[in-house]
Amino acid sequence: MTAVLEVKDLQIGFGGVKAVDGLSFSVHEKEIIAVIGPNGAGKTSAFNCITGFYKPTAGSVTLKGQNITGKRPADIAAAGVTRTFQNLRLFPDLTVLDNVRAGMHLYGGQSWFDAILHTPRFRRSENRYSDEAHHWLDFVGYRGPRGVPIRNLSYGQQKQVEIARALARKADLLLLDEPAAGLNFSEKQVLLSLCRRIRELGTAIVLIEHDMGLVMELSERIVVMNFGREIADGTPAEVKANPAVIEAYLGKDDEEVPSHGDA
Amino acid sequence: MSTSVDKTRTRPRSNSAGAKLSRFMESPKIGWVAFAIALLMPFIIATPYALNVMTTAAIFVLLASGLNIVVGYCGLLDLGYIAFMAVGAYTAGIVAKSFQLPLLFTIPAVIVMTILAGLIIGAPTLRLRSDYLAIVTLGFGEITRITANNLSITGGPSGIFGIPGLLEIGGIDLQEPAIFYYVTVVVVALFVLAAARLGKSRLGRAWRFVREDEDAAEAMGIHTYKVKLMAYIFGAIWGGFGGILFAAHLTAVSPQSFVFLQSALVLMAVVLGGMGNMRGVVIGALVISLLPELLRDLSDYRYLAFGILLVVVMVFRPQGFWPARGFEPERPAPNEAATESEPAPPKEAIR
Amino acid sequence: MTQLLWDGLFVGSFYALIALGYSMVYGIIKLLNFAHGDIYMLGAFIGFAALTSFGGIPASLSIGALIVVMMLSMLLTGGAGVLIERLAYRPLRGAPRLAVLITAVGVSFSLEYGVAAIAGPNPRAFPVRLEGDVFDVLGARISLPQIILMLIAAALMVLLNFYIQKTSTGRAMRSISLDRNASLLMGINVNAVITRTFFIGSALAGAAGVMAGAYYGKIDFLMGFIIGLKAFTAAVIGGIGNIKGAMLGGLVLGLVEAFGSEWFGGQWRDVFAFGVLILFLTLRPTGILGERVTERV
Amino acid sequence: MAMLEFDDVEVFYGKVQALRGMNLRVDEGEIVALLGNNGAGKTTTLSTASALVRAHAGRVAFNGQDVTRAHPWNVVSAGLIHVPEGRRIFSTLTVLENLQLGGYLVKERGLVAKRIERVYELLPLLAERRTQQGGTLSGGEQQMLAIGRGLVAGPKMLMLDEPSMGLAPLIVNQVMQVISEIRDQGTTVLLVEQNARAALKVTDRAYVIDGGATTIEGSARDLMADSRIIDAYLGA
Amino acid sequence: LGTAGCSGGLLGGGGSDDTGSTSGGESGPIKLGMVIPISGSSAPTGEYMKNGATMAVDEINKDGGVNGRQLELLVEDEACDAQQSVAAANKVVSNGAVVSVGGYCSGATLPEIPIFQKAGIPMIIPAANSQDLVNQNAKNVFLINGTGKQQSSAALKFMKKQGYKTVAIVDDNTSYSKDINTETKKQIEEDGSIDVVLSTSVTAGESDYSAVVRDIMQAKPDLVYWTGYYQEGGLIINQLTKAGFQGDIMVADGSVDASLVKIAGGADGVYATMTQTPDTIKGAEDWIANYKDKFGSAPGPYSTQSYDAVRLAAEAIKKAGSTDGDAIIKALEGIDGFQMFSGPLKFTPEHTLSSGGFVILQVKDGKFVLADDLAS
């Protein structure tokens, strides 16, 4: 299997704090990988380095053999990475459909010239944009209204739209930052199957998640971070049994771990 | 004046009078109606004064539609927009006067100069957010005006006057007030239509994404710098054409015409009309340019009344007269749905 | 050279005083209050009206009278600011920011031409003039009134800075600017805090108006326009919304202008000043003390 | 005695109706949980109680006092504190300043400082970061800060909107413990939680909200055995 | 729809029923258009001008009008802005004006010329005096204020008489003011006996002019010549005095106003290049008293010129015996010896004043009085 993403010795610091401190891991095609770790371990910062929102102070990020370290977010997106955000980042005044269309920006298909003249090319591409927007909303199982501004949606609905927007990008690699936060049990089940269907599309997934049930059930491999470093990397079973992980993250008393899958 | 792209997506709606009206207001027909009214106006009243005021208003509509691209679509608060018109007007005036050319032939020069101006103003401002951007554009506006005021090629404080007309062919002088009015209306209508269409395209959406959240836009692969520059360049070209018409209309160009207040007035037109919605902006521009004329008879109290009216209007319609609609039809019509149920499965990733 | 520095700082301290109000109001409701310069004008006219209605003031009493009048003017302009906020800005809470900006321009027109309608369009000579000894400091001519005015300005600024940074009202002002709804959940009476902000900001502008009237001797209904723009510029240079930044920005702008006209001549001064501003912001997009954009993704 | 009471409350956002005859009651000293799907109206319920959102019909009473038409600051000073969804940290203020704002209406000076110290004890991660800007905290750290900020107010009743969101499992337990502790010290709690398993462990009672009204109500123990709840919120 | 409503209302409000015809008609009042600044920073002067013109109209009407018809003044605001002045000029044309008696800001007056020219309407410009107005060579344009060139030669003449060796010239960056600055500098340099040690501009509308004061103190000229308006002029005089400036100060006609003295906090000794004003003309006391009576305040700059512009228009219409533009122009060209405040009138072929141009005034006891008529 070829590596879709290779992260090597990644580092980023803020003032004195080293948020990410020499992180390395790789993701292979069609893999689903979870990144877990205590709050403030540097998970989101690592995502930000990979997607260009932070410029790593050291280390490298390689996407399908192409070095994307330190590039602009837009270029990295064009190279084939897409993401969601921990604190939703949708376009609040734009409609649900338009938000999803944002993910299709790289499809192109029309120039401003086409737009001014309303050429057939323009009409064709606009129809495609609309059709696919509906398709992706259907794909994530979104049931809410589609022609209204995002700010009218509840938190959970917005999370779905954000995933639909990311999917519309059709990237090789999808980074999800706590996709299950704010979802209840049945909604998490939907998310679970959604992730599997995404993998079937040929997209590798890296997700940050605190819901252990979901993580254990979904991921092939788990990377555990603490203080910016990797403290474990292995299959769910390996990680679950790793004393360092229990100490830092899961807690000793298994009974007390609130998760949905272990009951 | 814009055509809806998603024609197929209109749902059957109730047929009450109100619904009919609102459907009409949102349909492309309204643009034609407005255009027809503009063409018929001179048959109702054609004093030089009326023609002059209407021509000025039309030029103002052009400016507002250009600024709407920058502010309304892309969210770049530009407080020096009038500088683009200045660049257009001065370029046209200088070229036309020194080569004794009809103004029409200055268009290429104006386009080049305004694009240049757009780039110069755009480039350093790309990293700036909202209000820092506002002051920098304001600064550029002032720099443009003061420079024009101090250079001799621009005629210093008295500016350039005696500018040749647009064109004179076979006894028809486009400069005749009535003819000039028609020329202006047609040009302005085309530009407004183009701006509205741009707004409903991929580029137009990209502008909105940048306006709403630059980071998220970047994450979707939208090169925010490029997109912003495009907004400046389009805004600049619109302003440049406004400048040509302005120069032709007044036959004179001088720095006082490009003071900060003018930029503020164009911005008011955009906001008052409804940012981001071309129809609203057209109305806003008409109101802002015609209101002071309507209030002329109040003489001393003219601007007092204007100021109070502005406040009152905004208090009652904070979103502007005709705000951009945040809604679109939900689903394709059933006959279209057939193709939709089986969407093209996403194949390879798009680079 | 020292003269240049001194002149720059003196003008700069006026800019700073007005920029403060600009920055405060901006800080709390993200409004570029274009009417702020006109409050300064209003302050000057209130001072003018008060002093003329006192009748002739013996020169010996003038400083005392001036301070009383300045207080009065601060009170009234503060009140005017509050009224404007109540009538013209509050109804637009939650409306797009630019809508409020337009209302502000409307208010600006109304103030300018309202005063012109009442007091006439003619410029007025201020009834009291600050005159005083002139000292020679390192080759610069510095006059007593200049020193007094700068001291007053500095005192007002220091007080204000303390108020914003150290008191809980100040903290509330900053929190409202960041997230109004969350501030409500802290139990902050947002309306009251905004009112207070407008009062303080406008009162400072009113004070500056009276001071300018007494120092320069001339007031007119459009006097707030240019200085309003300057204050806006100063506030931005300093990092808009930042109180210390506004003071610093005012002083810097004063100096930049002084050097600009020295080096390039008066006609190019503003080109130079704006050029410096643009260059500076290109290198440092959030102004001198502007807070780092810490929005995380 | 009823601490918080909703009588047939209706709330609209423009044309969208979010609450349709909401009835709810939280008694003094209780911990009550609200469960429900996305968009059910949980957040709206809390916002209505804290007067961020105005009810179009019905009545909301806090501690015997009608707060349907009150201002948010009146509600806060009456002792009802709302820790909002999505944290809403003041991003450029420091952790300490954020906490101080939590005590905005507390008149005694020393009291705020004392409570802040207490928060640092409960959530030690915050103590390490007291001078860091709130906006630069990690998601979970922000969540802790939001909860801490609510505690500094010294609430009679605390409403928490998804407090466990984004928290590591260890911390979730910690937070749930904090919640039962403050109840033991006399604070009533209304809790919106998607992590129903963790929530029901500490709560006395729970409501399920659907379509803007409560549909199921019962004691935590009963609900944990209710198949409808298990299917939707707990998992087998 | 909005378009129709607005424009319809607008034009209705315009109150014009003749469509596009520009002839004044042969009955009803004879209309004089006056496009001046009523708003903006030049508003005060607009007021003075309007009053002066109104006074003349009333006097003439009281005496039975012109050719048996009454005069009517159509005043429109131009705010010193080209765009507004074009609208205003079109409005007075549409409303049937036969002569234009306005024009204060040169920049705003310039674009009016083609409009009035096309309509065949003569313009008697009471104040605006940029050389550019003359350079247009429009046959309908008549300037009854001295031009910038004339003012500059007057200034130079006086400087030489006084024996100044060094002068500083300061303008406010408006076309009128800069025009005088450059023209004076040019003439001084051609003449060769005086040094221009400083020629600079300030920005109008500010309060602090320490920069230019500093430059002047450094250059130490014998005379400072301020070519802008009285608002800034007063401030600059004040700030120069405070800085201890010892040389003389002279101002141009835009600064001749009682307010200059008040703003400066005393300006005794300051010279001015100016056409005669009522205060300096013997026998004008009655006129001033009348004006005060009528408007409750003293006349200001260009009250007299506007008064004269109306009287001149009336005279020309009377002589032409009609309201036809060409006839009036011819009549104006033929006028010789018509008495105005500035002296007997005769136009040069360029339609500027041939005599009775500039004199030197000086502030004495807070009032501008004649210091030198430059006759010799």
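Worth a mention:
Labels A, B, C, D and E are assigned to the chains in the order they are written; within every chain, residues are numbered from 1.
The rule we apply is simple: a contact is a pair of C-beta atoms (placed from the backbone, for glycine too) under 8 Å apart; a residue touches a chain by one contact, two chains touch by 3 or more.
For clarity, every value in this text was computed on a predicted model and none was experimentally measured.
The chains touching chain D as well as chain E are C. Distance from chain C peaks, on a Cα-centroid basis, for A.
Between C-D and B-C, more contacting C-beta pairs join the chains of B-C. Chain centres here are C-alpha means, and the one lying farthest from chain D is E. Taking the mean of the C-alpha atoms as each chain's centre, chain C and chain E sit 36 Å apart. Spacing of chain A relative to chain E, judged by their CA centroids, is 72 angstrom.
Remark: chain A and chain D have CA centroids separated by 28 Å (rounded to whole angstrom).
Put simply, the C-alpha centre of chain A and that of chain B have 39 angstrom between them.
Each of residues 113, 116, 267, 270, 295-297 in chain C touches at least two other chains.
Along chain D, residues 136 each make contact with two or more other chains.
Shown for chain A are the residues in touch with two or more other chains, namely 44, 53, 85, 87, 89. Here chain A touches chain D in the complex through residues 14, 37-41, 43-45, 86-88, 144, 152-157, 159, 178, 181-187, 189, 210, 212-213, 249-251, 256-261, 263, going by the rule given at the top. Those residues of chain C lying in contact with chain B across their complex are 26, 32, 34, 87-88, 91-92, 94-96, 98-103, 105-114, 116-117, 229, 232-233, 236, 240, 267-268, 270-271, 274-275, 277-279, 281-282, 285-287, 290, 293, 295, 297.
On the chain E side of its complex with chain B, the touching residues are 1-4, 6-11, 13-14, 16, 18-20, 22, 38-39, 75-77, 80-84, 86-88, 90-91, 93-95, 106-108, 110-111, 114-115, 119, 130, 132, 136, 173-175, 177-179, 201.
Taken together, the chain B residues at the contact with chain C in this complex read 71, 77, 124-125, 127-129, 131-132, 134-136, 138-140, 142-143, 146-147, 149-150, 215, 219, 260, 264, 267-268, 271-272, 275, 300-304, 306-311, 314-315, 318-320.
Considering their complex, residues 50, 52, 71-73, 76-77, 81-84, 88-93, 97, 100-102, 104-105, 133, 135-136, 149, 153 of chain D touch chain C.
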